[in-house]
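Letters A, B, C and D mark the chains as written, and numbering starts fresh at 1 in each.
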């Protein structure tokens, strides 16, 4: 799914990759792929992640990983960093999720009573990136569906998610709800339907595999 | 009056000098006087004015004069420049005036039907500098008083002026109105009273001269 | 990852501006005014423009050419006192002029660039600049709502650019340029020097490349930059 | 004109912070955190502080020492997930925590530094972060009023300072530092290198000296900067 998600990135885009699975997407891009990676703590043009021995103590991404620059990188303060996000200069963000609703609502920052670290920059990424896609396991650790008719957890943003990449499928969020686009190798239509707690349209007779 | 006004500047201050008479104040400061001059087009630490032959085409003050830097100068954008003004980091501004009211109201940017170039940065300087003093001729070209009970022209800011330096006197704006502090050499109390269109208190029996 | 090249011929960049566009123009007086981009806009002749600029330049300089050519319907500015033509056109109602306090114009543009809807301030509350503006109470005090400004196009002058559009300004030529470079849907920057990727130190970039769409290298410097005019 | 010298012993600078003060602290994770100033604040022991910082650092680092020492009454932040002590103190109601969207915290601080009353935004409108906030209509759309934040004191970490307090940051150690350096009545900057006047290029200054009150030179770099903790 990570390799498949990497194909979502169009040449020339400015992209923010959220902590976790999304960060791994970069490993599936060619070394000379024309893209500008943004991190909300103040860098456009993220270069490869570095091992601690080679790291610069002043150069991290928003997840705390030691990263590097590329020719043409720029550093800026936190206000400029989110100005870029809110003013429409971020073409794409890839985020993790606790829940995605068939309306595109996203919940990924709080589980009341269990996990309340604060939203960080997630709300602005979800609400203002030109395109928001989610990378997530199709179900949680207990096997419960993460794709639902409506979110039960506190929202990150309403109606923001355009597409979801999971270990089972690629699913778009259309005006009428979830639409199956692709299936992972070895996964059947009935398996993904069963693991999804909302209606899943399947317009293509011959569904693509990834 | 310009030399007298220069004594208003306390060591360590950040000061903005308006176009016209105020700009000349700097000529009356010792070369090593510890002060930071600010200009609203984006410079802290203005150095001496330069002749065109020695000028840098990219380095002017807000009045368009070719200026220079000093060791420790900084350039910044127009938003940062006025952030400095509005957030209380400008200790003193010296401005020109069409009218000053006994309440401290200032009018210095518009004469309806005759002069409407726009307020530029004047409103923010008048409203937000920690101390606002005015340098002006005591009367206009027609001999009409500029110090009045109330302004008749559109206001720049209300209740902002703390002190007025004129060719005739140094006058404070107190809670009860104008208070005479000093007289220019050769000017009598009755002359300045007559040239002022508002009550002028004179608390000191032995008035200082400048 | 390699950052894309955004260099572009000036004709092509300016041709993307339609009639009726809102155009932000950097500069405070001469320094930082994108004279060459303005000249091309005059040559192409787009009309009915709303221009947002600190000042109206002086006669024969910068946006005065746009005014003289009848291309400007509306001017959002802070001070036009050095341009008698602009004053005359204002008085003759040949151009609509909206005046702002200078730092508030800067903040309105910045708010547009930051994706905010408006800022709340007490600047100008006691002046005629407050007329017609929405007021609200914050903590018992009255504040003016100053709405964010965005433009269709921003014309920017930089000292140096790299091919990705990272920009650096010099001295007081910075002024409104970095603010406007964030606040338009299409940002066109002219640069005195265009450097390869890596030509600017990442810590010394004033406008990050993601905000900039087109970089126009200047073959020669406009004579309008000549020191001393008055 | 000569710009004044603002260098100051650390004990003296931090002693100006009273009990109950609101203190902004720069940094995002490790980079840009003023570890040495924080350690002196821990040593002096001022209590009842309101701390404004992007995050709560990690256990044993930065403002975690203030939390551990019981000096913090209230924390205004965006994310504390890397500090289990902060989470535990939040859950035990030993410290009051106000969460903000990260870019909105940046803008609220910047608004304080810019002398604005508030900003208007749609960020977080559909979330619980909107609860209790004033809303107004702008052009028919609902916006949240996010009030400006100012502090009594800002603690800043810079890479370089000159003696007048012009500051320059490196890499992602910039983050909230330049914003907070504008938004407090008393700004104390620690600098890895303190240069004489003229040591910083005027175009490369990130925080202009007029915003800064005290410059504290660092004799040694805190070991809390050590690369790799997790």
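Keep this in mind: a residue touches a chain if its C-beta (ideal position, glycine included) is under 8 Å from a C-beta of that chain, and two chains touch if they have at least 3 such contacts.
Just so it is clear, the structure is predicted and the values come from calculations on it, not from any experiment.
Participant: Spell out the chains that contact chain B while also contacting chain D.
Facilitator: C
Participant: Out of curiosity, which chains are bumping into both chain A and chain C?
Facilitator: Both-contact set = D.
Participant: Name the chain whose C-alpha centroid is most distant from the C-alpha centroid of chain D.
Facilitator: It is B whose centre lies farthest from that of chain D.
Participant: Could you please state the distance in Å, as a whole number, between where the Cα atoms of chain A are centred and where those of chain D are centred?
Facilitator: 29
Participant: Could you grab the centroid distance between chain C and chain D? Build each centroid from C-alpha atoms only and quote it in angstrom.
Facilitator: 32
Participant: Determine the centre-to-centre distance between chain A and chain B, using the mean Cα coordinates as centres, and give it in whole Å.
Facilitator: Spacing between the chain centres: roughly 56 Å.
Participant: Send over the residues of chain B in touch with two or more other chains.
Facilitator: Chain B, residues with two or more chain partners: 43, 75-76, 79, 82-83, 85-86, 128.
Participant: Among the residues of chain D, which are close enough to touch at least two other chains?
Facilitator: Those would be 107, 114-116, 121-122, 169-171, 174, 202-203.
Participant: All pairs of touching chains?
Facilitator: Touch list across chains, by label: A-C, A-D, B-C, B-D, C-D.
Participant: List the residues on chain C that touch chain A in their complex, please.
Facilitator: 1-4, 112-116, 150, 162-164, 166, 182-183, 185, 196-198, 200, 202-203, 205, 208-211
Participant: Spell out the part of chain C that touches chain B in their complex, as residue ranges.
Facilitator: Listed in rising order, the residues are 28-32, 54, 77-82, 87, 90, 97, 99, 101-107, 109-110, 121-124, 126-129, 159, 169-179, 206, 225-228, 230.
Participant: If we count contacts the way the header does, which residues on chain D are in touch with chain C in the complex?
Facilitator: 107, 111, 114-122, 134, 136, 138-139, 141, 143, 145, 147, 168-171, 174, 202-204
Participant: Which residues, counting only chain B, touch chain D once they are in their complex?
Facilitator: That would be residues 11-12, 14, 26, 29, 31-38, 43-47, 69-76, 79-80, 82-90, 128 of chain B.
Participant: Taking the complex as given, what residues does chain A use to touch chain D?
Facilitator: 39-43, 52, 55-62, 64, 66, 75-79, 81-83, 85-86, 110, 116-121, 123-124, 127-128, 154-158
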